[in-house]
Structures are given as C-alpha cells and as structure tokens.
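Shared between the two complexes below is chain A, which has chain B as its partner in the first and chain C in the second.
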Partner chain A sequence: MRQIVLLVLLFCFAQAYEYNKLLLRTQSSLYPKLIVMDRKLSSHINDRRIDLYILVTSIDWLYGRYIKEQLDKLFPKGVGGYILRTKVVNFSTFLADKEKSADAIYLLKAKEEILEKVAKKIEGKNIYSFTYEKEDLLFGFLFNVSIEKEVVIYINKRVLLRNDFEFMPELYQMARFIEP
Partner chain B sequence: MVQRIAIVATVSLTLFANPLSESLKKDLQTFSHIADISKENEFFQPHIVSIYRGYELEKLGVQTLQDALWLVPGVDIYSNNLGAIYPVFRGSNPITFGQTKLFIDGVLVNNLFGDHYTQYMQMPIELIKRIEVVRGPGSKSEGVNAYAGSIYITTYAENFGEFECNKVFVKRGSQLFRGGGFYTNHHLGELKLYTEFYYQQDDKSVYSGPDMLYTGYLGEVNKPLAKAGEAPLWLKNYSFAMTMSLGGFKLQVRDNRYKHGMGFGVSYLLPPKNDYYLMPNRYMEMSYQKDLAKVWHLELKSGVRHDSLSMDTHYAPAGLVVPSPFDPDRIVVYKEGMYGFFQAKQSTIYAKAYLGYKGWSRHEVVFGARGSKERTYGVTTITTDKTGQSGQLVDYSESFPFLDPKAKRVSSIFFLSDTFEYSRDLTFYYGINLERNTQSDYIFNPRFSMVYQIDTANIFKASYAKSQRNPSWQELFTINNITKVGNPHLRPERVHALEASFIHRFGADDFVQASIFFLRNKNLIDNINLEHKYLNRKDQNLYGFELELSKMVDAYTKLYANYSFVDGRNSCGTPLANIAKHMAKGYLLRQLTPNLSVSLLARYVGDKHRFSFDTRKPLRGYTTCDLGLSYAFDNGLHLRFSAKNIFDATIKYPSPPYTYIEDYSAMKGRAFIFSMVWGL
Partner chain C sequence: MLNLKKSLSSRILFYFFIVGITLIVGVFYTFEEAGKEAFKQMEKEKAEVIVNTIVPTIAMNLYLGMTSNVDKIIKEVTDNNENILGITVVNKGKVVSSYLKKDIGKSDYFIMTRTIKRPNSDESIGKMHVIYSYAHFKRLVSKYSKLLWIFLFGIAVLLILFSIYLEQLLSPLKQIVLQLSNYTPKKNLSFEFSDREDEIGRISRTLEKMQQKIRSYALKQENMNKILEEKVQQKTQELKNRLYVDSLTGLPNRFRLQEDLENLNDATLIIINIDDFKELNDLFGHKTGDKILASFAQNIKNLITTNYPKFYRFSGDEFAMLFNRRMTKSDIEQFLSLLANKIENMTFFHGDKELSLHVTMGAYIGKEGALEKADIALKKAKQHKKSYEIYEESDKSVEIQYQKNIEWIKRLKKSIDLERVIPYFQAIVNAQTKKPKGYECLMRIRGDEGEIHSPYEFLEIAKKSRYYPKLTQIMIAKSCQYFQHSNCGFSINFSILDIMNKDIVQTLKESIEKYQVADRLILEIVESEGIENYSLVYDFVTDMKNIGCQIAIDDFGTGYSNFEHILQLPIDYIKIDGSLVKNVSTDENSELIISTIVNLAKKKKIATVAEFVSSAEIYEKVKALGVDYVQGYYFAKPEEHVEIECDQ
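Here is the complex of A and B:
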C-alpha cells in the first residue's frame, strides 16, 4: 500500500526544473558577445542599445532574475560599444506584444507549443535568439552554448540564412552548425 | 553555403585578429577549463560517475553527506557497533571500512585507525557545492588507490561566480537536533580566503538489544546480564576550515571534532547513555602549481593529518565473569563491571609531486610520486583492574595496550598516465600506479579506459582497472582485545574491475546512463571467526548493473531515478551476505510558485541475506520517503522544512553474527528538520 501511495505521490509531484548554474553563467558570459559579432548589428539596432529579453515561464521567474543579475554584473558598461539592457519577460507577455521590442531573446525552458510560437513570431525579423537547451534550437532559434567535452557554440543554419546577419568569420570557425 | 562561410572565414582569419573573437575564444577556453574542473562534462570522464549538486540537494530536504550518498546508485549505508556510519559500494565487503576514499577539495581525509570518514558523514549539505561519486576503482586519483569507489566533495571554496560568496544557516529538528554554520569568501587582489564553520548536536538514541551476552558468547553464566534499551547515538560535532590561495599557492586547513555516543558498545554490550567516542580529524595541506613553458604543468603538495580515536566507556556490566586475560585458567568476577578509557593518536605526513606534459600532439602525460609516513604516536589504555583483585582503575598503556604503540607504515606510490585523444570523438586513458609499503612489496596496478562519443547525444565508456586496499590500523594493529584481534601479516585486498557504461543525453541536464560491472575481489579481510582475528579469508566475484535517469518529463517536469542490482559468489561458492541485491532511489521537485517548492525523495533497499552459518532470518528491506518544503525570499533567505521517513518505515543496518541478535536500528520513527539558510 505504501509503495502505491508513493508512486501516486511521485507522479503528482512531478513539476520543476533545476537549471545548471554553471551553464547559465557560461551562456550569460558568451551570448551578448555573440550579438556584437554581427557586422550588420548597427543596421538592426539604431539606438546603440541592445534590448535583451530573458523569456521565462512564471515558475522560472527567479532563474530569470538570476540571469539578469549575472548579465548586469558581467556587462555593466555594455558590450562592443552598445548598451545592454536586460529584462525578464514572461513568454505570454512576449507573445502578446505586437511590437518588435526586443533585439535579442534568451529562452529558458518552455513547452514545445510556446517555443514554436516564439520562433514563428521572430522569424525573419533579425532578432538574435539564444536558448538554454541545445535541442530547442531546432524550433527555430539561432544560438546555443552547450557544455560537452568542452564548451561548444551551436548555430542553427536555417535561422542564420533566413535573417540578415553577417557574423565575423572567426565565429564560424569556432562554432558548429546544426542543420534541421 | 557552409563551405563558402568556411572559406571566407579562413581567408579573413589570416588577415585580421579581431579583439572580440579573441575575447570569445578566451571565454570558451576558460569555461571549458571550469567545466573540466567542476565535472560539468562528467559524461566524458573516463570512469563511472554520478554527480550531485548541493543547491539541488538542499531543495530536496537532503541534510548531510550521508543523506546524499544514500541517493547514489549501488551505494548502501551501514553502521558498525559504535554507530559509525559508512557507505558500501556495490556490496564490496560490507563488514569492513576502508573500501572507499573521501576527498574534500582534493584532500584525502580518511582517518588512519579505521580508514573511514564517519566524522564527515554528517557534514551539512549547505556547505557542499558538489559531490562526485566514482563507482569502482577507475578513478583518476593519481597517487591514491581508489578501491570500491571514491567520493569527491567540493565546497564553496571553489567559486567561479555562479554562487553566493557567503552563506549562513541554522537548523532545529527532532531528537533535540540543532546546528548552524557559515562560509565566507573574501578576495583581496589575488589573495582569496575561504572560511567555513559548522556546529551540530543532537540527542539521538534507538532502542536496541538484547546485546551480545544474550548469545552466550561469553558463557551461560553471563547470559542474565544481557541488556536491552536505548543505544546512545547522540552527536556533538564542530568543524572549522580555511582555504587561502595566492597565485599558484594554496593552503588548506580543517579541524573536525566529532564526539558521538558509544552506539551499540565497543564490545557489543549496550553502553550507558553518556559513554562516548571522540574522533577528531585535523589536517593542513600546502600546494603549489604552475604552468611551465605552456606544455608543462607542475604540482607539488605536502600535508600533515592528525586523527585519533578516544573511547570513554563502561564496556562490560557489573557481575561479568570472564577468564583473566593474564591467566586464562583463572576466572575473574568484575563486581562493578569494567570501565575503560582508550585512546590512539595517529599522524600522517605526505608529499606528492606531479608533472603533466602536453607537448605531444593529442597526448596529455602525467607522472609523479606520492610518499607518506603513517604512525601511531600515543596509545592510552586505562581500564578497571583486569586481575579482578580491586575495582580500581589501572593504566595498562605500557603493559596491556589495546593497539600496538609502535604501529607504522611507510608508503610510496609512483604513477604514470596518458590521456590520448585519438580523435575528437574517441579518447583513451591508460596509466599505472606502482605501490610499495612497509607491509607489502611492490604492487603494480594498471588502468585502462576509453570514452567514445558516438554522436552528440550518445557516449560509450569502458574500463579495466586493478587496485588494492591496504588494511586499516584496526585490522593490523589491534591487540589485547577479545572481540577484535589485529593481524600485522594481512595482505592488501585486491580488485580487478571491468566496467562499461552507455549514456544517452536528452538535453543539457537530462540523461540516461546504463552501467555494467564485474569485480574480482581477492584476499578479502574479515574477523568473522571464533578468535575474531582479522584474516585474508576469501575471494569473491561481484557483478551487476546500474541504471540512472534524469529526465524532464515535460517542459517543467524533472524526474531523477536510479536502480541497481548486484550479485556474486565468494570462493566457497556461497552467495554474498549482508548485501541488498536490489536498490532503487529517486526524487522529484514541484515548484508551486517561483518561491515555493515541494520535494519528494524515496529510497528502496532490498532484503539482505545472512552468512550461511548465521541462522537469523534475512534482514528485511525497507522503503523510505522524505518530504521537503522550501521557500525562497527575494533577499536570498530560504526557509526549509524536511520530514524524514514519513511512512515510519523500520530501517535497520545488519549486525555481525553472534553479536546483537536484533540488527542495529538506524532511526527512531519519523524525524523533522527546520532550517533557515541565508545566501549573500
């Protein structure tokens, strides 16, 4: 009987995600630098200010805030001559917003349908997109940094070609391409 | 398109050296190095390893290192007659210590007397950043022979900016448990200073008995003296640690004072409540490391460790009748029982030199040596007059000590290894340890392993390793004791291990790992014989498998679970005793709001069969379940509540044959702990 109760409890309680803080730290350090490696950045951003939104579900709000604190601490003076403004935004708020308010987005975990909607919303709009999870690139996002045997930068080739980006050639040497 | 990009990139790179790309390249190298140190790339390590992170364990209501080790696949927790807790890996000789090694921030902390680390099993989880548990002897600890497994604790002295620099915590719980501690990190230019402190105490006891006298081991005349009652398992423990680093220099100091109730009695006779053993463990290690000419890496280490065991106990009841230890034909009646104060002080001095070379393409060669001198420098034995002529205390430290006062061992280990990256996906690791010590001649222990990354999601590892466990002081040098008889002629236990593991990664943190192992143990040591003398008695084969899963069930749902199976036979053809063949463990978390989480943690440990000559029924398995609640305030304060063993399961550790008929109880029903943790 106890085992049955235990199993029921196990499935009832299944709801949470524990992010890897070192991976978050690594991604936070690298993602803003990847943005400024685009030679056409100035044509996408007119006000010399990069608005980077950290997209979270409400349950991950504290992780969003943790990433924002990390980014603000790491780039207090901006990056590559650009001011970096970070904001934690709920996925639903972002999807409801009709305007293009973000220059870049950093996506934490979310359900597949939400990720598909976000990918569709930013498609072809020259928005730099970064994911926590490498597999989420396949929904239509541009960059992921992953810890494998060593730290690896992944680029979604399809997203790269569908936007007007022109990254510095050195980046292509360092990164690996994912072709959905 | 990709080809075009690559051509443009190559041409451009020859013309420009962009500071942005240089910065990016440097970051990639730095974080790859950090990932290597902090074992974030655990799946690519050349051994079978499970890694647990302190911040996640805290949320689960895990309180101590012991709680955390209970989660590891293939690891079971045992207790000896003093109530000293130790982990047993894959059923490897569960009736002796010394099977595993514990390293704290790279420092080996096993004490010399029992070659165990009981005094660290209650280390609060709030001070542990990461626990790496390597199963099997395949660990890459050059200069130390890992045997059944090794545990690497990393404290928050390692800080790459992903955690708070300071933390304070206080706790209250059942059986008058109270504790608290802190750690701080300070930087002054290049000088880094980490300090850590904790104190904890409780009034734990468990009902136990009747004790060994009931078995008639000391004669029918003593049988009525057998007692049952509360076995004292209370604890008073504090620890202070400091790590100071400047450039390549590092100084690590730790002082752990561990005082514990006498548990089930030094002679398996139930002791009074206030009897205790004291097991301080202090060490200081200095190290220096430097990269030379880009291809050489030099590391020098030296340290000293002092540990001792003191016991203050009434170890036999009033009226005990036994033969005189000086004249077996004469019977002595101890009218007021027997009291004893026993103390053995040990010291270990060691030094290690290590040189790494990366000058050959795709190779990383490491070689070096470790030397140590272990010795006893003080033995005190004060007991009730053993002649029975008076009830006075007599100092037998010179005439009848409980441990050889001249116990000593000098060891040297030479090691050589190479990591050969055959291709980006295939890496070989091979090496040898060559050890010699006072008790044994040169022993050659080779290791070989390979890690093959089939694709970005799948990894295969295989290894062969040979290793040894040197007998502990207790096994070698205990004298003048009727329940434990040391044997200075013991040979080291040996193991040949074959292991293979397949890992499938679902995502950044999700994986399934399946491992199989075969262990051939030789010269196993135990004292289960009529004389209670430690002997190299038998060989045995162990085999089994472990499954480990960490998976997001949906976008927010994480499940961690593992199952392990072990079986085997010893050289007499009899099945293995005191081992749970089946174990399953797992945990789940639910984040009710961004601030509030609930956790559920469960463990199943299967039945344990007895030795063939032990007529008791098998020890029944158990399932325990813990619940945890955690609330995080926006200012960094965390309030946590943990309920242990919510179904009030009976958890017992096996007692040796012919001692306590009933096994050792682990805890008294449910337990509750409330903690307040503030990270800054």
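Here is the complex of A and C:
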C-alpha cells in the first residue's frame, strides 16, 4: 500500500509545473504591496481586508501552499493598514464560484482555456490580478513581476484601463507596460 | 589742503564725493549681500526641486525593496547633476544606498535631508541626505560681483566727470569772490561774467549795480559820520560836564574832587558845611535855598584868584577846597580863620531881607583818606561847636568808632538772619517777700563764638539803622512765646520810636493775640528818651490798656518830660531810674528824689520798682523808702532760662 501511495505522489510531482522559488518569493513580497499603491483601494474594499486567492491547478496545490506560507510570513500584520487573507483555491472552484469573493488573485500556471475563463470572469470587476508567468498577462491580467537583469514590474495597459484603478504615478514610471 | 570753510564749491565737491562714495560702497555691499542671498536661495530651491523629483521614485523602490533600483537612481542623478556631490539613503539607521563623488572632501557644500514616506501614506520608511555643492553658487556670485564692480566703476567715473563739470560750473563764483575780497567802496570792479545769461551773469550784474549804490551811500555816510562825530564830541563834553560839574553852582563836583585828589602827589583838604542850612530851606523854601547856595559858591569863588585852592561843591550844603600841597598847621589855621571871617561878613539877600551864613569846617593835611579824615574833623568841629577843626592823629579813635559801627550793622543783620537775637530775663522781686513777681525781658545778641552782647554795645547804632524795628519785633515775639504758659508777669521795653512804628505795634498786638499774654504783659515805656508827642503815647497806652496790658514808665526821674504829663497817662508801674537807686545809700538827693517819687506814686496808686539794686544795703534802703518791687544783681542777673512759676 505504501508503495502505491508513493507511486501516486511521484506521479503527481512528475505531472506538476516547474516553478522558480526565488521568483515565487519575489512575487510574494511585491504583489500585496502593489495592491496598496492604488489610490482607489478603499473604494474597492470596504471591510479593510484584502482577500488574495492563489489560484492553482490541483497538481500545483503544494506550490500554492508554499506561496500562502510566504505571504503569511511576510505580511503577518497585513499591508498598508489592510488585513491580508490568503487562500489557495482551485481554478475550477474559483470559476464555479459565482460571487465576487476575491479582491485579488495570484495565478500560477494553467492551461490557456482556463486562464481565458478566469480573465473573462474578473474582467471589469476591479480585481487585482497577478501572474506567475509574464506571458500569462496577455490573457487579461494586471501585474507580473519578473526577474530579468533586474526585477521588472509589468502592467497590462488594457486591463488597467478597463478597471477603475489609480496607481501612484511613480509606479507607472518604474513599471513596463504590455499592450496586447 | 582743501579749505572747506572758505570755499563753497570745494564744500559742494567734497560732500558730493562723500555722498557718491558712500552710495557706491553702500550699493555695492547691499547688492552683493542681496545677490548672494538670492543665489543661495536659488541653489537651495534647485536642490529642493531635484530632491522632490527623485524622492517619490526612491520611496517607491525602497518600499518595494528594489534597492538596486535605488542605487541606480541615485547614481544616475548624482552623475547627471554636477552640483550634487552625493546621495545617501538611510533606513532605520542603516545605509540602504549611497553614492558619493570622489572629490567631495575639497568642496564647499550643504546637506539637504528629506524624509522618505511610504507611497500613498505618511509612514516614514527612511531618510535621504543629498550633498549639494556650493560650486555653482560661487561661480554665480563671482560673476555677479564682477558685473557689480564694473557697474560701480562706471558710476564712479560718471561722478568724477560730473564733479569736474561742477568745478567748472562754480569757478566763476570763485573768481567773483576773489574780486569782491579786495573790494572797497572807492574801487570800481567789473565782472567778466556780466554778459552771461545764467545766474552767474545775473549775480555779476546785480553786484555792479550794488557797487554804484554803495558808492553813493558811502559818500553820504562819510558826510554823516563827520556830523555825527562832531555831535558825539559835543555830547561827550556835555556828559563829562554833567558828571564832573555841579549844575546849580557850576562848580566841579565830588567826582572831580576825587579825581583831582588822586592825581595830586600831596594835598590839603577842607570841607565846608553851612550851619543849619536845613532850617534855611524849611524857612524860605528850596528855591531860595538853591539861590543862596549858588550865591555862596560864587562869593567864595570870587575870593580865589590863584589856581589853588580849587573849590568844589561836595554835597547838598557842603563844599570843599583842595590845595595841591601839604600846608603847615599854622598856615591852614590862619587860612581857615580868615575864610570863616570872610564868610561871616558875607551878606545874602532874600527879597528885602538880609541873611548871613555861618559855616563849620574840617581840614586834613595830607592826601591818604583825605575825604574821610576831613569829614571826621568837620564832625569834631560840629560836636565841639567850633568854626573849624584840623584832623589829628588822636582823632583816629573816631575813625575806629566808625569802623566799629559799620561792623555792628553787619553783625546785626547776621544776627537777625541766623536768629541770634535772644531775650534774657531778669527777675523783678517783691520787696517784702523777696519772691519774683515777674521778669523784665532784655535783648541780647549771641556772637560767632557764643558770647553774649548786651544792648549797651549796639542799641544806639541799631536805632540809627534800618534793623532796629526788626530787632524789637523779634524781642516781642520771642518774649511773648516764652511766657505763653507762665503765670509770671513780663515786661518789654518800648521806646517812643517803637510806638511811632506801625509795624512794631502791629507785631505787638499779633503776638499778644497769638500767645494770649495780654494779662501778663507790661510795656515799659522809656521816659528818659524825652517824650514829645504825648498825644500819640496817650493813644497807644490807652489802646494797650484796653487790650489788657499793663504800662510801666522806665528810667523815671531822668527824662526831660514833665511829671504832670507822665502822670496823666494810665500807668501801673514806675521804674525808678537806676542812677538814682545805685546812689541812694550815699547820696541824700537821690534818697529825696526816690522818696518823692514813691510818695507821688502811692497817691496815684501806682506801684514802684527800683532798678539796679546791687546790694543788701541798697535793698534795705529802697525797701525802707516804700518801694514795692526791686530788680538788680542783688537778687538775680539776667538769665536765658528762668522759672516760669511766680508768686502772685
């Protein structure tokens, strides 16, 4: 029996996407901070609590848990005066949920059609969205932080304009915009 | 050397330069300082702009933890801005990022510090220190100072040029002044600028016109001066005559005599006084008196045919003769008797009446103090009722007495001023009981050394001086004050002079009222002075009796007045004269007079007091004669302080 369980787990890891842990830690440290740079944050969140969902496929559940731990460790008292509540959620669960329960989402790797559906679901709903992959921004998500020669913040201009966000000008100065 | 006081143009130029230099220096320093301040401010503002520009980006990067970006930004900013020498970002005491240029140590700079706040919040997440160089500021200041110097140099050049112009403008004035400095009304000056149209020309033309007027005025003035000089000489002569010549007799006067006396090496002086001339004036009037004086003067003048003696009018009825040499005593005696004889033989007329004059003369052989000494001789002659006297050295005592009198007058004034006039009190004792009934108040003067002077020394002089009323007033006030709370009688001496003086009588009444002493005050009226106006004395005595005072007659038995008049007065006491009392034990006449006075007094119910009772013998004698009260050294000397409780 023990051998069967071990084989299943090995299979699962073999099926999971690959993630750079340094990038995950960098993104975890920056994404909540980027949320509080929105001057209109108080109009989008009424309960002084930011619900950040880490969207994962089932096989990436452990990475999701890793990110949650990182976030809880980095922001135990919240960020910018807001309480930060993190939750690891399956893409399918998120898509099935018809209520707007998340204020921000952090998407790990997923299939294109799932990403498209998520993007469609959050479109125009003032939900802050962050991706692990830079390229995933093009599906309709707002922020991505990548490590190139240096740490670079990417912003999807179209998503920025379709939502009611007003980030600090300095952020725009240092970020790079992606126009699909 | 520039003489500012003498030259107006030099003064204008000098002050122009002073003001100019002050302005230049003032403007330079003001502008330089203001410029420096402005440039400094400008640099600070520039630094502030830069800092304000980069702080948000730094804040954002710092907040996001992107310190590599912070490094990049501060390096970029520092390298691109030559004025920024370095930037340091500090968070919680740790240097997060820092970039400094290499040559910072040599530079002059200031540090600007800014707090870095978390984006979209007031929370501090660090501090940024920007080191900003003054190099640019210094370059600016240097350029500015150069420009300012050039500008001021230009102004200075303009000032110099203007002052040269001013000097030229004012030079005609200098020339005019030079010409005028040698001007006299007799000179005719012509000014070369009179053709000019400006103010210099007008001044020149006006001065030329003035010259003409001055010349004509000078001529008039010259003539007028001559006339005035003559008038002044004439008036001076008249004044001299008035000063030295007596207008009534035409004789040289006292001033001339004094001058002549001073100018002589030696002299003999005679003062001639016309006897009883006052009566002559009273009898015939002053006009007649003046005529007689003029006639007298003329007659004497006619007697003198030589230069000396010179004849002067000395004062009212006094004349003087002055010889220019020291005569022998026999010569002057001969001259004086001859002159007296001549004068007595002179006849003067008033209408159809013939008058003759008698003169008394005093002479002094010598020059020193001649006027005073001849006067002493004259007084001596009057005293001895002789027609003349010549001053001798033995007469010096008279002169000394004069000096003494003058000293006493001064001393009296001083005593009044320093309140040194004090009353002494001598007891008047009941002859039977030998107990004091009251006191006689006697005037004393305390000297500089505290010594006491009695009236024998000064009373006669005081009576002739203007201080006498004041002395009496002081005595009245002090005596009344002393006895105000006493039951003793006290007496104050009151002369006929005092009765005649309204001020003294007023003081007496005021003091009686003030100290409430009417029932104890006895006024001792001195009989020996010879009362002539009995009516006045009667009125006074009655008045004082009505007030409540008692009256005593002092020194009774020696006066010239008749008893009848005296005894008509409502008197209470008779004080028998001391000269009678002191001889009573040896002189039968005195005893007889005292006995008569006592009897007379008893009949008139007047009490008697014997003064000068200096021994037991005298006391016993006067007591036996029936005298009621006695006073004298036998019983008590005059004292400054006495018992004020008396036997009634």
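Heads up, the rule we're going with is that the second predicted complex is superposed on the first by the 164 of 180 C-alpha atoms of A that agree within 3 Å, B and C clash if a C-alpha of one lies under 4 Å from a C-alpha of the other, contacts with A are read in each partner's own complex, and residues count from 1 in each chain.
Basically, a residue touches a chain if its C-beta (ideal position, glycine included) is under 8 Å from a C-beta of that chain, and two chains touch if they have at least 3 such contacts.
These figures come from a predicted structure and were not determined experimentally.
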| item | value |
| --- | --- |
| Clash or fit, chain B versus chain C on superposed chain A | clash |
| Touching partner for A:Lys120 - first (chain B), second (chain C), both, neither | neither |
| Touched partner set for A:Lys100, first chain B, second chain C, both or neither | neither |
| First, second, both or neither for A:Val36, with chain B first and chain C second | both |
| Partner chain(s) touched by A:Arg48 [first = chain B, second = chain C, both, neither] | neither |
| Chain B versus chain C as contact partner of A:Met174, first or second or both or neither | both |
| Residues of chain A touched, compared between chain B and chain C (which is higher) | B |
| Stretch of chain C, among 56-64, 236-244, 308-316 or 596-604, that runs into chain B once the two complexes are superposed | 56-64 |
| Interface residues of chain A shared between complexes with chain B and chain C | 29-30, 33-34, 36-37, 80, 150-151, 153, 168-171, 173-174 |
| Complex interface listing, chain A residues touching chain B | 2-3, 5-6, 9-10, 13-26, 29-30, 33-34, 36-37, 57-62, 70, 80, 109-112, 114, 132-135, 146-151, 153, 157, 161, 168-174, 177 |
| Chain C partner contacts - residues on chain A that touch it in the complex | 29-30, 33-34, 36-39, 80-81, 150-151, 153, 168-171, 173-174 |
| Footprint of chain A on chain B - complex, ascending | 1-2, 5-6, 8-13, 16, 18, 20-21, 23-25, 27-28, 31-32, 34-36, 38, 40-41, 44, 53, 55-56, 59, 160-163, 453, 456, 506-509, 552-559, 586, 588-591, 593-595, 597-600, 602, 623, 625, 632, 647, 649 |
| Residues of chain C that touch chain A when the two form their complex | 56-57, 59-61, 63-66, 68-69, 118-121 |
